[in-house]
Amino acid sequence: MNQALREALQRDERIFLMGEDVGAYGGCYAVSKGLMAEFGEDRIRDTPLSESGFTGFGIGAAAGGLRPIVELMTVNFSLLALDQIMNTAATIRHMSGGQFGVPLVIRMATGAGKQLAAQHSHSLEGWYAHIPGLRILAPATLEDARGMLWTALQEPDPVLIFENVMLYNRSGPLDTGAGAVDIDRAAIRRPGRDLTLLTYGGSLFKTLEAAEALSTEGIEAEVIDLRVLRPLDEATIMASVGRTRRAVVVDEGWRAGSLSAEIAARIGEQVFWRMDAPVGRVCTAEVPIPYPRHLEDAAIPQVPRILEAARATLGKG
Amino acid sequence: MNQALREALQRDERIFLMGEDVGAYGGCYAVSKGLMAEFGEDRIRDTPLSESGFTGFGIGAAAGGLRPIVELMTVNFSLLALDQIMNTAATIRHMSGGQFGVPLVIRMATGAGKQLAAQHSHSLEGWYAHIPGLRILAPATLEDARGMLWTALQEPDPVLIFENVMLYNRSGPLDTGAGAVDIDRAAIRRPGRDLTLLTYGGSLFKTLEAAEALSTEGIEAEVIDLRVLRPLDEATIMASVGRTRRAVVVDEGWRAGSLSAEIAARIGEQVFWRMDAPVGRVCTAEVPIPYPRHLEDAAIPQVPRILEAARATLGKG
Amino acid sequence: MSAAKIHLTRETVRAHLHAMMRIRMFEDRCAELYTQEKIRGFLHLYDGEEAIAAGIIPQLTATDRIVATYREHGHALVRGVPMRSVMAEMFGKATGCSGGRGGSMHLFDAARNVYGGNAIVGGGLPLAGGLGLADRVQGSGAVTACFFGEGAVAEGEFHETMNLAQLWRVPVLFVCENNGYAMGTALTRSEAQTDIHTRAAGYGIPSEVVDGMDVVAVEAGTRRALAAIREDPHPYFLECRTYRFRAHSMFDAQLYRDKAEVEAWRQKGPILRFRNWALSAGLLHEADIAAIETEIEAEIADAVAFAESSEWEPVADLLHHVTAEARPAPPPPAEPTGATATARP
Amino acid sequence: MSAAKIHLTRETVRAHLHAMMRIRMFEDRCAELYTQEKIRGFLHLYDGEEAIAAGIIPQLTATDRIVATYREHGHALVRGVPMRSVMAEMFGKATGCSGGRGGSMHLFDAARNVYGGNAIVGGGLPLAGGLGLADRVQGSGAVTACFFGEGAVAEGEFHETMNLAQLWRVPVLFVCENNGYAMGTALTRSEAQTDIHTRAAGYGIPSEVVDGMDVVAVEAGTRRALAAIREDPHPYFLECRTYRFRAHSMFDAQLYRDKAEVEAWRQKGPILRFRNWALSAGLLHEADIAAIETEIEAEIADAVAFAESSEWEPVADLLHHVTAEARPAPPPPAEPTGATATARP
């Protein structure tokens, strides 16, 4: 992200980053470290603790000709800005009959796994995907984390990028030519024929690990990284599920009303007659995230539960 | 509601109503008319425009021994209070290891149909049903609108009551003995054998109308009024759908990620092998609600679309 | 009348009166059309508050911007949004200034920099702040005028916006249309500190209070404010004390105030007072006023006819305007170089 | 030391020093335990700010209430939450004061009216206001002490709470622990008006600023505040100027301030100054201090041993504490009378 931000700031002078502690502190997850020194306080704009206010300023600045990147630090605090996001950013184009758009990128960290307890561990990206007018991205790989930003900045409408907190721990080789990526399509991260595992964000690597384990049992799972949670890339999803005839969705949101439900519903609507089993779901338990490691682990999707669900779908439970 | 509020205020002196214009104005929908004169300004407490603040005061007052009824006027403004609702009301019991509860009732109007346009027509009750720790009610009948309040006030945890704006137009005969009703179970509003129509709130009467029309075609639809959106009464739902083997959910939420998706997903999980057709969904189009009547009508569920979906489920599309 | 302090030409006087009467007469007609169910949804009239829009908006330049509330017919009209397209919008017709999608509460006009028509109390304040930020950063020299009621002052967004506006020195004229009531809640029942302009001063924002029933006083205050902002971009706060003569919206039984109170304020009405003063000062004659009336009546008749005869947007277009019609093509896939470097997010 | 103005007994002096040292030594140990990964998640230390909790909380009665932030170990300890259960909570053990569910940021204790431990900046303010409302309405005579950092002042919830608190005259002591930084953001970079207590005064709330590095000054300010509140329930605002010696949390490289600045403040540290003053005034001797240290060390060792040996909550209990274990039975169905009346919602 740091590199992605730097490049964006270099390429388009209308772009600026604003949010709590993005500047002097270097970003809550060190994502913007060094950028204030390089680009100055106007383009790396530290804000007071005023989530609704500065998100709204971002909306206004976007409508006024700039290309703001608003960082909401984490999804947990974004609730304070929801009115601005839903009632202004997502709606003004419609209310104005198409006259005004809000080309704004809002970034935030999401997800559990760091023992931050009930108020700091929400996974609400799937929930945000309910709102018309927004594009919702959930990068799971370093390449996407870096590449989605620039593409998002070209969009005429608001784009929310949810970066899973566990992604900040990853580092690895990335092609030096890596650049902008599309923000339209899901990616097949692992081809397979026996069932489709659908996931995104923080659960991708767990799902891939589960797929490897299944492979040793002779089960070849196709793994789809949704990447874009709104609008969903139905073509890729249905092509895969229609072929494998079995699906499990792995989703870190609370189960009831999570994105997994929408995917299951659409699979039902579109490829019901091809399905050999009901769509399985591995989600977060319906509990605010507890602090202790063992309870947090038990609450959110893990490899063993993915394996179980996959086997159940194949009638091998 | 007016009568329900009056009785609650008479029966328990810890109960009070607070919200914007509940007092001197008499309530945005005249729901609390006359109550301030009767119970005084302390128990019918007009608030400034501070949704987050007074909802939080309600939470604190509940934790401190009172039984507040917070009126958020409409769901559209509740976004401003979402942090307090999700991060405090729904979470404090868990964070405190069960030591503190929030016996709070939050009422708000919801839904479209009055040509109030994009910022005043949200139907987010199904979306709120994603949040663990809350009980979500959606009265569709006068009896429920009156009777749910008192039961909700006995709950040890926060209860959100969403009253569809179209309900405020209804008036009709109600048994003089009508009183508290349960807030656990869905209700079968019309028995039937050929398919199950699942709905709640503002869509109930449209759905009943559709069921009557289907009946003239020889199709007997069972109509379930969910009543409680969280936790869902799975027993009633599955018993019906397992019997009729076909289901359509009618839900005024935007389609993607609406409650209809969760219901479809659970039907898949629990009675997949009995289903003779995919679960149909009639939801609101993915658009902020437009102002003109014809576009608003086209956006939200209507009888013809329910009929179409019901017939499609029966292969009679 | 504070007119003494400002040199008023006959033209100016006529223009002021015309602007105020045009709003009043337009809205009177809207109220009728509401009863006839031509206009639906919520309808909030500006009746009694016309001096504010009329005193402020003509001072703005074409590149300045406007953010208003659901009580914004007056602002749109004074800003020059054609009455035809305002009326068509109220009817929900495709020829309306928001394509019919918004209705009374959401008048927009990109050509005239009218950013709504916001129906969330306080919701327009951060938007205005952000527009101001864009102007500041781009050095455009433009000013954003942001209108809101005194009810908005209690909202958290007011506070956050004031602080950010001053911290970042955005060229925004915040105009509090203090009509004493937020729906049925009198200011004294909603604010611990009822002297609104002192609230803004608490953030270090230059602020003043003017008689919002006096178009000339409003104009004078606006001149001072705009001069200050244009000299050195920063926020400025203008509290205009006014009164709403009619109900909050068309669904308001007005249980919260006496008829006598309303009557007393009506005597101080911005049109009545200004008109009488202009007549007595000999700046206008009865015939001038009659001419204004005739002119406006014709304009309204034309607007209503236009709205009536305009088309509804086809239902097939329902999903328009959710996102932009045109999106950039997805970027070409990057050519892998083969070389890699260690990356962190 | 402002001690001159208050009559300090040897006991009081010892108690103050003990309270502050107990927090400091407890937290020093927590930092070690964090490195050892016994404590996880976020850990925010109160290092440098101890005089505030120590100066205020002992003045409260048993029925008074406390609302704090994620930086609340000191508040819990001074309030009498047993160190064992605080430490066990930090470990996430079932014997913790929140049953292990909350961790460092969410210390709760119903028996002692400790309402958390809130990790949303500003989130505790309305909660405190509501507790105060309950006390006012019930005439309980209790006061709620609400602690928050100066960073919270920019949040809309601060504004809404101040206004409501004053409007409804709730008996809440709002304590702003102004340590000059919100994470890495210096107050001057986040507030247009940096004199925090004047902000509260803007709502008409009596407010004062005290030296938060001086336990006696804090105590004196608190006495004045509590006396006023108990005499006639209303909100009161106390700004305590202080400094955090350590990083914001354990993930903070402190790029935003100089080592020298920290060093200079350390010299004004609340424990150091009070201790030296007490020694020089002859109210305490080195031996007393050594005894305090020994006592606290033993308490900490005991608390750690307790936390270590406590059980984890079984995974089978995962879904506990989402809603109450017991709910009232659903009401019996009403008997239809057969008679009906017309009802409206």
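Order of writing sets the chain letters: A, B, C and D. Residues in each chain are counted from 1.
Keep this in mind: contacts are C-beta pairs under 8 Å (C-beta built on N, C-alpha and C of every residue); 3 or more make two chains touch, one makes a residue touch a chain.
Small disclaimer: the values here were computed from a predicted structure and weren't measured.
Between B-D and A-D, more C-beta contact pairs join the chains of B-D.
Each chain gets a centre from the mean of its Cα atoms; for chain C and chain D, those two points are 44 Å apart.
Look at where the CA atoms of chain A average out and do the same for chain B: the two points lie 29 Å apart. The mean-CA centres of chain B and chain D are about 38 angstrom from one another, to the nearest whole unit. The mean-CA centres of chain A and chain D are about 35 angstrom from one another, to the nearest whole unit. In chain B, 47-48, 50, 52-53, 76-77, 80, 83, 87, 94-95, 117-119, 132-133, 286-288, 290 are the positions where the chain touches two or more neighbouring chains simultaneously. Residue positions of chain C with contacts to 2 or more other chains are 100-102, 106, 118, 120, 123, 154-157, 159-160, 163, 167, 189-191, 321-322.
Taken as a contact graph, the chains are fully connected, with every chain touching every other chain.
Every residue of chain B that touches chain C in the complex is listed here, in rising order: 20-21, 23-26, 28, 30, 33, 46-53, 76-77, 80, 114-120, 285-288, 290-295, 298-299. Contact residues on chain A toward chain C in their complex (touch as defined above): 1-3, 16, 29, 31, 42, 45, 47-48, 50, 52-66, 68, 83-84, 87-88, 92-101, 132-133, 135, 142, 145-147, 150-151, 154-157, 163, 167-168, 170-184. Considering their complex, residues 154-160, 162-163, 166-167, 189-193, 198-199, 202-205 of chain D touch chain C.
The part of chain D that touches chain A in the complex is made up of residues 40-42, 92-93, 100-103, 105-106, 118-123, 151-152, 154-156, 182-186, 189-191, 252-253, 255-256, 312-313, 315, 318-319, 321-322. Listing the residues of chain D that touch chain B in their complex gives 65, 96-102, 106, 108-110, 115-118, 120, 123, 125-135, 137-138, 156-157, 159-161, 163-164, 167-168, 320-328, 330-331, 333-345.
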